[in-house]
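There's a structure below that I have some questions on.
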Amino acid sequence: MKKVSILGATGYAGVELVKLIANHPQAELVHITSESYTGQRLSDVYPHLLSLCDKLLESMNDLDSILDTSDVVFVALPHGHAMEVGKKALEKGVTLIDLGADYRFDDTNVYEDWYHVKHVHKNAPRVYGLAELNRKAIKNASIIANAGCYTTTSILALAPLVKNHLIQLDSILIDAKSGTSGAGRSPKQQTHFPDFYDNFAAYGACTHRHTPEIEQAFSHLAGQKVMLNFTPHLVPMSRGIFSTCYASLVEGVTKEEITKAYEDLYGQEYFVRLLGLGAYPSVKEVRGSNFCDIAWHVDERTHRVIVLSVTDNLMKGAAGQAIQNFNIVSGFDEKLGLPLVPMYP
Amino acid sequence: MKKVSILGATGYAGVELVKLIANHPQAELVHITSESYTGQRLSDVYPHLLSLCDKLLESMNDLDSILDTSDVVFVALPHGHAMEVGKKALEKGVTLIDLGADYRFDDTNVYEDWYHVKHVHKNAPRVYGLAELNRKAIKNASIIANAGCYTTTSILALAPLVKNHLIQLDSILIDAKSGTSGAGRSPKQQTHFPDFYDNFAAYGACTHRHTPEIEQAFSHLAGQKVMLNFTPHLVPMSRGIFSTCYASLVEGVTKEEITKAYEDLYGQEYFVRLLGLGAYPSVKEVRGSNFCDIAWHVDERTHRVIVLSVTDNLMKGAAGQAIQNFNIVSGFDEKLGLPLVPMYP
Amino acid sequence: MKKVSILGATGYAGVELVKLIANHPQAELVHITSESYTGQRLSDVYPHLLSLCDKLLESMNDLDSILDTSDVVFVALPHGHAMEVGKKALEKGVTLIDLGADYRFDDTNVYEDWYHVKHVHKNAPRVYGLAELNRKAIKNASIIANAGCYTTTSILALAPLVKNHLIQLDSILIDAKSGTSGAGRSPKQQTHFPDFYDNFAAYGACTHRHTPEIEQAFSHLAGQKVMLNFTPHLVPMSRGIFSTCYASLVEGVTKEEITKAYEDLYGQEYFVRLLGLGAYPSVKEVRGSNFCDIAWHVDERTHRVIVLSVTDNLMKGAAGQAIQNFNIVSGFDEKLGLPLVPMYP
Amino acid sequence: MKKVSILGATGYAGVELVKLIANHPQAELVHITSESYTGQRLSDVYPHLLSLCDKLLESMNDLDSILDTSDVVFVALPHGHAMEVGKKALEKGVTLIDLGADYRFDDTNVYEDWYHVKHVHKNAPRVYGLAELNRKAIKNASIIANAGCYTTTSILALAPLVKNHLIQLDSILIDAKSGTSGAGRSPKQQTHFPDFYDNFAAYGACTHRHTPEIEQAFSHLAGQKVMLNFTPHLVPMSRGIFSTCYASLVEGVTKEEITKAYEDLYGQEYFVRLLGLGAYPSVKEVRGSNFCDIAWHVDERTHRVIVLSVTDNLMKGAAGQAIQNFNIVSGFDEKLGLPLVPMYP
């Protein structure tokens, strides 16, 4: 049994983690924190947890004692808040799994440029926690940077093509769509129900912070610097990410080579389901699960490939992936404690 | 042409009024106010109005000059704010149409009990602005109290049965359901998109302020005091109210008498559509229009009648009804400037 | 390990059962049937099950061999189809859990009157499968009639008050609201997305077949015949039932007696959560779980009680309840294999 | 007054046309047809039209007499059905406005290749009915081919850039999203409410028929053949199209040139609203109106431009555009009879 704590348990990703830990046979939840609701029960904030998690929310002011009594700490805080935790966790030998961006970048200058926050833990030993691409490193990590929701969905979609240089690396465009839980739990005008119901909009064109994260992953895979466009949109639904990824094929690449690249990379992966050439995934088919479903289309007229991928942003895009990483670093079966069957309809 | 001003133009009812006034052939919009957005253009707050209403929002601090240049003033402010306006409007001979509750009650003690606000204009000459029941009085009114959204839908549903004493007056129950625009424009946790999508909830059981307003109307119609239960619910949709009204039939009352009561009261009404015995209205069938559709069912086993009625809460339940009243008091055709065909699908 | 088969695996309740059986540590799924999709894989019909249940769908023509290799058979077929299965299952000593209405009525005339189908297994030994009220009988049953979705939600809401005669038994009104999955998987005009999005409607007023089922349960509890009104509505959401139940209090009944009645009946029940006096449940707080959340309100003015209850119609209202019954009849922990934490948001 | 008939009045575009004609001061509706509902009243099929359009639906078998008594005929039928109507309308001097694809292509081989229907009216004098690009030709046309919904939204988005050769013509990608009314009125599994609620999916990648229509328009504007990728998606909402359009800038093109191109082409257009550089349109801001709102973003890192445009697919994308064309060909003010203010929220 691992003793587990969650810092930032009242955001949507945090509360999803609580749910998963509650079902995990090898994890015991010891501390949950919230600065806004310190002293209240989690089930006061989220009544769906009544009788399931009536634990008191603590403050991060007690970080030392939290770390001293935990084996693993999940951080589900806004970016900028994990670095101080990381320093201490490292000292104390506690494993840290961060759902935010603080430890995602090799080059902390990139982080500082896009996030406008000073990086205060530059030399941290850290691994990028996208298991399908980085499993070995995760096994022995002290600090695991969970990949972002859009980035997970988009990187997994194109990784086989980038890695095998089947596409022109300067031609990548990612048009992504997210359910509104991706925008967080704080009420805002744009996500006020009457304003966003029966609505659809883009945001963050050219400027979204998941752009450099995807670029970093592709640059590693390709062995050369990759730049691309990433455009996020908000869909009037709760959960789910849909990435539509475009790229021009390298001349002469065949459909068979494309299919083989996917099968080679993901053939043994439980949480990546390949729907294949010409298929259509949908976000409801992965809702509540840790799956990433992928399909691809080849346009003979324009010599482009279009890859479609879907995840549940709170699961494979956040809390589910964090548990997957927790299982890997703990030496457990990767699926342990994860709900396997999507909720449909 | 009537010179018209709208106090509180940035709430949902206010902006719907702007839309209707913009289409009204006999109204000219002279002032719009908002205390939160004073000095901004309305289309900055509501981009859908770009090029249609780029008027500057003023403050109510300038109330005197607003009144001096207006023939009619619509008040779409939270309750408690119309009374001072009403006093001045009366002095200056400006007609006031209030979409709030301040002038709805004959007995201002009832208002004070349910709204917890002191009534400061108790002797105001005022009429209850539900045209189908009170048209004559509206024609010559100085201060018109628009009926509430739930109340309009519920009163119209049962008025024929109450007036003709076809139901037992102590047996009335109203179970009402509203789209989320009824909860107003301010973002709140409950109406944050991810929280309320795919959700349904009740609120205000036994305590909702529309209860005494419905009771007042039924007491007038019946000639005796009526008390009832009213339970509102929130539906994950934008607009629309659905009232399911229950009552026990007075012994011996036949289906034919029920139908006749509806036809007698509403046979000549343009904005009430009688779907008849055994039919089912739906909120989408009146969306964007000023209609109230009504159907009824008789249960022979339990001797109860169930009446179903629907409106668009921002139209017949607020701005549309206000324009209907404006037309009546101005001597115009009651339909003038109102969009007649619902938006479907 | 119990060998389990599901007849009618491609309806929404059937596929939810597949999901639950897939997660159940003491059940092995041996046969799934569908007359429309015989010979296809379940994951061809429901791609969310890809790699999770790629089993072939069989026909019920092979009923004998299905029964011969099963310990328990779940029937998730339209009403009228379980009785022939029941006869054979009884002969062969296979436990039958029917999610339909065929075995719900003590008096098969009531079934024939409301369902317009001849009952062909009138002498069947059967128990009504609402565990919270009938657990002992379920333990030793051969044929278990799962309660309906609306009925489960509504019966649990009022059972303590009916049983203790705290309410006037001729005053009961139930206004219920369901997500659209309750209308089944077959595409229809009313539940076509553009028609029902942003819409709300009632149906089956005075005639819905869950009426006599609720009446039967209350009659048993009260020890006298109970008649009531039940009005279902469709809400533009996927899942969830919300029942708003009204009744007049017997004179002199206090709030404390009401609360005590709920605590006495449900204090030990895992799957009933009492939110208490003055609280508000919401359907999202039980989504994907087997919980029924209940709250109540007392109107001092009208001497009525208003009880609010919610379930997930495919879980506690169908497949979850069926698994609960399966666990009881199999001697397992009642929670075994059931997802405990609702999916939120 | 123009005498107007609508062939195919019971599809979503047809019934929207009925709504618009009902509000049009210079049009009289003389015939409406439906092969599925011949002999019924339109308000039996669409109860929202009760008391507004209770007209009987006729069959197209009476086409001659329909044409003989009409000045203008709108065709809102599936593709393949307008050509026979067009031949006769031409003979009889009746103006035809087709909402389908039959007359959209200069090269009827393209039509035959993508639509798999033989073109039987190849020499028809016809004009492409996108007013902002083709107004002069529309004025004197006999047969007007209304542009498609996706195509209108996408062509308007990029036309200024294509026309002025500011973008690389082989780099165009259009990622489009539509509300479900775009999928038509016939119930299907994919658009069954429980299946598509809280869902999102792509379809028709590389093969959607609006692709060659957009290519034709851009080829005309550019003076050279243009090929592109167009990927449509379905959004869980009723109405609205959102096009996200990508292209690489020609070297040296500045933001100012881009803005100027939009202002030059659309500066005088009532129904195109330019939100400008860096802005974000949303589909709700044009709902129920004939507007197309456009904004653009320039990525300095990748030298791409991203253009965002929105329409209401049943208005500017279908019936509204048809009325705009009707007004032009009739010599009326282009806005006549069109609802100007979007419905928000």
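Lettered A, B, C and D in written order, each chain numbered from 1.
The rule is simple: a contact is a pair of C-beta atoms (placed from the backbone, for glycine too) under 8 Å apart; a residue touches a chain by one contact, two chains touch by 3 or more.
Computed from a predicted model, the values in this text were never measured in an experiment.
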item	value
Chains touching both chain A and chain C, listed by label	B, D
Third chains touching both chain D and chain C	A, B
Pair of chains joined by more contacts [C-beta pairs], B-D or A-D	A-D
Chain at maximum distance from chain C, centres defined as averaged CA atoms	D
Intercentroid distance (Cα basis), chain D paired with chain A, Å	39
Inter-chain centre distance, chain A versus chain B - centres from mean C-alpha coordinates, in Å	46
Inter-centroid spacing, chain D versus chain B (mean Cα positions, whole Å)	36
Numbers and ranges of chain B residues touching at least 2 other chains	12, 179, 181, 194-198, 236-239, 281-282, 284, 287, 345
Parts of chain B lying in touch with chain D, wherever the complex brings them together	12, 15, 19, 22-23, 46-52, 181, 197-198, 238-239, 270, 273, 275, 281-282, 284-289, 293, 339-345
For the chain D and chain C complex, residues of the former touching the latter	12, 179-181, 183, 185-189, 191-198, 236-239
Chain A contact footprint on chain D (complex, rising order)	173, 175, 177, 179, 194-203, 205-206, 227-229, 231, 233, 235-240, 242, 244, 246, 280-284, 287, 297-299, 301-302, 304, 306, 308, 310, 345
